[in-house]
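Note that the chains are named A, B, C and D in the order they appear, and that numbering of residues resets to 1 at the start of each chain.
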């Protein structure tokens, strides 16, 4: 009985690396894509490593446009140089107007940059030959760079994890549990999968607000293989920070749920990571996930990735408010 | 005496990540090649990463055919464009019939795509020159992609483990043991080798069938180096799930043996993984593996990979059926 | 009371791998950039792996100069060979003077090395053709090497950690603490960050000097994520080697602070390392770091990398000199 | 006194992965280069992965010869095809004799394979054009392969550890110790270095010989950094397998010392491994290593890699032969 009345034991995580200062409300620690909500300033403005990094992580359509643009810019740049030197140093220039002549140097430039070098138009004098020799070298090095970038983009063993849009407060083993669902959307096979969930909230201490981080205990924080969706469950016991909490409580405390995912990717032989950030408005009270896989009599089990977030409403067990019995308080 | 009669202590593994639902019989968790018996649906239909992945893991003959096909398709595509623009914009087109003219554009297209650019046939006008400039760029990027793919295919540190076709129930230290044999078929040197064996079976609980996963204890689950074949042994003691079990028992329980292999590949400096799945019909009662290596007086020991599964029949010790003594049952 | 007077318990780290011999004063174990202050001699003078390594780690401007130089040297080398064989074996050599003829072979050489091969100038006889065939092969392999180098340079997951120039002896929880500040200057996301700090000092033992290494205890030696600057703190308790020490003490003992940083780079899926070395003259007594980040009402927190070392003067609490009570000395 | 007479406590390592069968004497478990003394047979005869592996690990001179040979073979192969089709399908063939004509096709083949394509000689008809298109593709893919191989060869983070030729039985802390010395010969920085030493010897058990493996305890089995040579020491206490052993004993027992080295390479961000095998004849009784590094007043410490094995003779302390006192034997 004493156990019913004990104060919740809540462990704080002081080693998250995030600041505990509260300057403004509604400040996320993580952006929705899982990256740190931080902007670095005051570093060197030109960093080859960071340019490489953004070329590695940008979407494909953007990458392709940039590659074509760089090709066109380099091409035009050298064309202007050939044109400035004079087209009489190139063989078989057949353009009559200045614009036609420029176009001829433009195509000669393209043929040098890609090293296709048909040779109908070819450099004759020393200045044109020098520039052409340099352009071919730049071309080869440029495509060497593109080779590395393409390989880097494809071979990056990035976890691509999909997750349910919402966090459900659902019926769980006679009580309630906080649940969200995650799945691997790549064809890679993930093993030794771990999840850590941290709850960030604003607390009032000594008259000022401070942001605190608390690890949430999970029903299961590690699974050996990850073939299907995984419903991560935090049982809402009396010790839980979410015990008897409503949406209003969560919003008032500026709650953020930080999910840290780690797994070993067998296909790329690398450890992969992923982070998810949920906010108070992503919570739903009284709902339960719908099964999103289906076994077949012959053949594999079908796993529906697009149904990862599907849920149905479900009644929550009425929460018994714990009223300490008289005469029990002293015992503790 | 009590110890002889005690109930087997069987630990369940609830963190495999596989579903415990039984919808159909004879449903494997793993396919024979070790991959998850799951098919994902509902994801994005076009995923560059997954295309790369399948190009990385498909057999060589298939990969080579695809590379040649892509080359031919790209080549033809550009040839059609040149032909549509008109062959009078190309120098030295000697074809007379339309088919011959098309073939001329086809070969010009090949010379542009590979950037060999002999130049006997060369573009003159603006439209042809533009397409040719674009084709050379596509060609270089395409071969850049091929470079990455070839490197990725070769450098993938995938464990290539061969295993005995059968699981033997063999004489072992006066009793019996469940045994299978594995070996490394690559020239790479594997160290810190670990094996985990999980037995999946259907159990009847509360009127419905449910799939349960149990880790099997091994004589030895880790070896420092892996130069020869390793006979993995699960001693069939009274505590074993296989104690006094027959082929019929295993089939009735829809048994699947999930083997998880992990090692460090010294040559590629990467951790490698492998999984094997055995079914009831792969078990043989009363057999023993034949030694598959042979030392030589001068020179290395010869290790026969093709004899990994060779066995001979061997009589099993008669199993003493445990009859609980009267008056003992209550104690437990 | 006895606890106030107890001798400091100082653990020595005997497994650093550095020598304990003291031959000269002011000898660093680590250079300011964190590399070992050791020069290897007596190895093989030509090591392809080490050449690759230095091409991988040298600054970009140096790398680019070397690539261009190698290109020019190879180009000239083959030009000399063509010139020696005779320019009458090349088509369309239009140079009149010997120098012009040499320049023609030089540009032909460039066109072969880059495989642009315009073909206006082309080899005719057997010797020139043989050399040209060889040069094209060398060219392709050379640019293959450059591809690998460029990729290797970009994809190296090297931690780029910036650190405060000084180590501060600052007010800390009523007493004092030794502090320095570190931050990640790359766009990569670092997690599971660990820091170890070792203090190297000269001790006098048995009449001769010996260098000893002592691990310093930190307020916190591990953080989960590394979005902002981390102020690493060694609390200067009575047990600390820095307790009641002045700049003169540190200089006299030839103190060096060895900082070992380790983190997991999520973007490159690799563990990264960094080392820092501080000397006695980098210490400042009575100063405190200024906050170098700032939250914004809407949008991310701004983190100023260039303010990592900014500090303000701060009064240290007066240190209570521990005077052993009479009659206590004998006990220890 | 009982402690002086107690039987040595010797732990066996049963998980080495090596066979305990003794078929012949003088059989090494490891070759001098540290690879397993095993030859696999019965696998598939053509394994692309293994070809790649041997191209990756063979010496540079061999690799270069193979690359040039493949180039020449491919070149000649296509030349034969062009020659067979007929040189009248190629432009500007100026050879008169059949041999000269073949040489012309040979150089055309080289120009197609490297995609230099000067175009003086160019294909005209359909058969020649088809073969040329195919050859250019093969050429590009071939050099793509070479790119991958070159990158793979350079970027392999293989530990290159040099070790003393001999194992010394040297004076150590009033008694004796078994010592050998290792050092890193690359410019890379190794940290978290671990060494395990296993002694393999033949034992006589139940009338037949069997090979047993025993881990040797080391004075220190792990160091944090590896800037200098590391003298690995096994103290020869009464519990040691080497206690009171002579060269004859070691030879009689067919002793092999298996050294397993593991470290983290900071430069390549990878774990590296190395193995060494010493035999009885590599042991020297009564010698001590000479210091192989030297501090300088200004500048780094000089470390002589070529002096790693240098030793001087040193008298061993006379071993007290342990004679069990009468009446003590029964106690144990």
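Here, a residue touches a chain if its C-beta (ideal position, glycine included) is under 8 Å from a C-beta of that chain, and two chains touch if they have at least 3 such contacts.
It should be emphasised that the depicted structure is a prediction, and the values quoted were computed from it without experimental measurement.
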item: Interface residue overlap between copies subunit C and subunit D, same or different (over half shared); value: different
item: Selected pair, greater C-beta contact count between B-D and A-D; value: B-D
item: Whole-Å gap separating subunit A and subunit D, where each centre is the average of the chain's CA atoms; value: 40
item: Averaged-CA centre spacing for the pair subunit D and subunit B, given as whole angstrom; value: 29
item: Per-residue multi-chain contacts in subunit A, two or more chains; value: 111, 115-119, 147, 151, 158
item: Touching residues on subunit A, where the partner in the complex is subunit D; value: 115, 117-119, 147
item: Residue ranges of subunit C in contact with subunit A within the complex; value: 60, 67-68, 71, 75, 94, 103, 107, 110-111, 114-120, 143, 146-147, 150-151, 154-155, 158, 160, 162, 185-189, 191, 193, 220, 222-228, 230, 264, 266-267, 269, 293-297, 299-307
item: In the complex, subunit C residues that touch subunit D; value: 13-19, 21, 23-24, 27, 29, 31, 35-44, 47-50, 52-54, 57, 91, 111-112, 115-119, 122-124, 126, 129-130, 132-133, 136-137, 139-141, 144-145, 147-148, 151-152, 156-158, 260, 268, 270-273
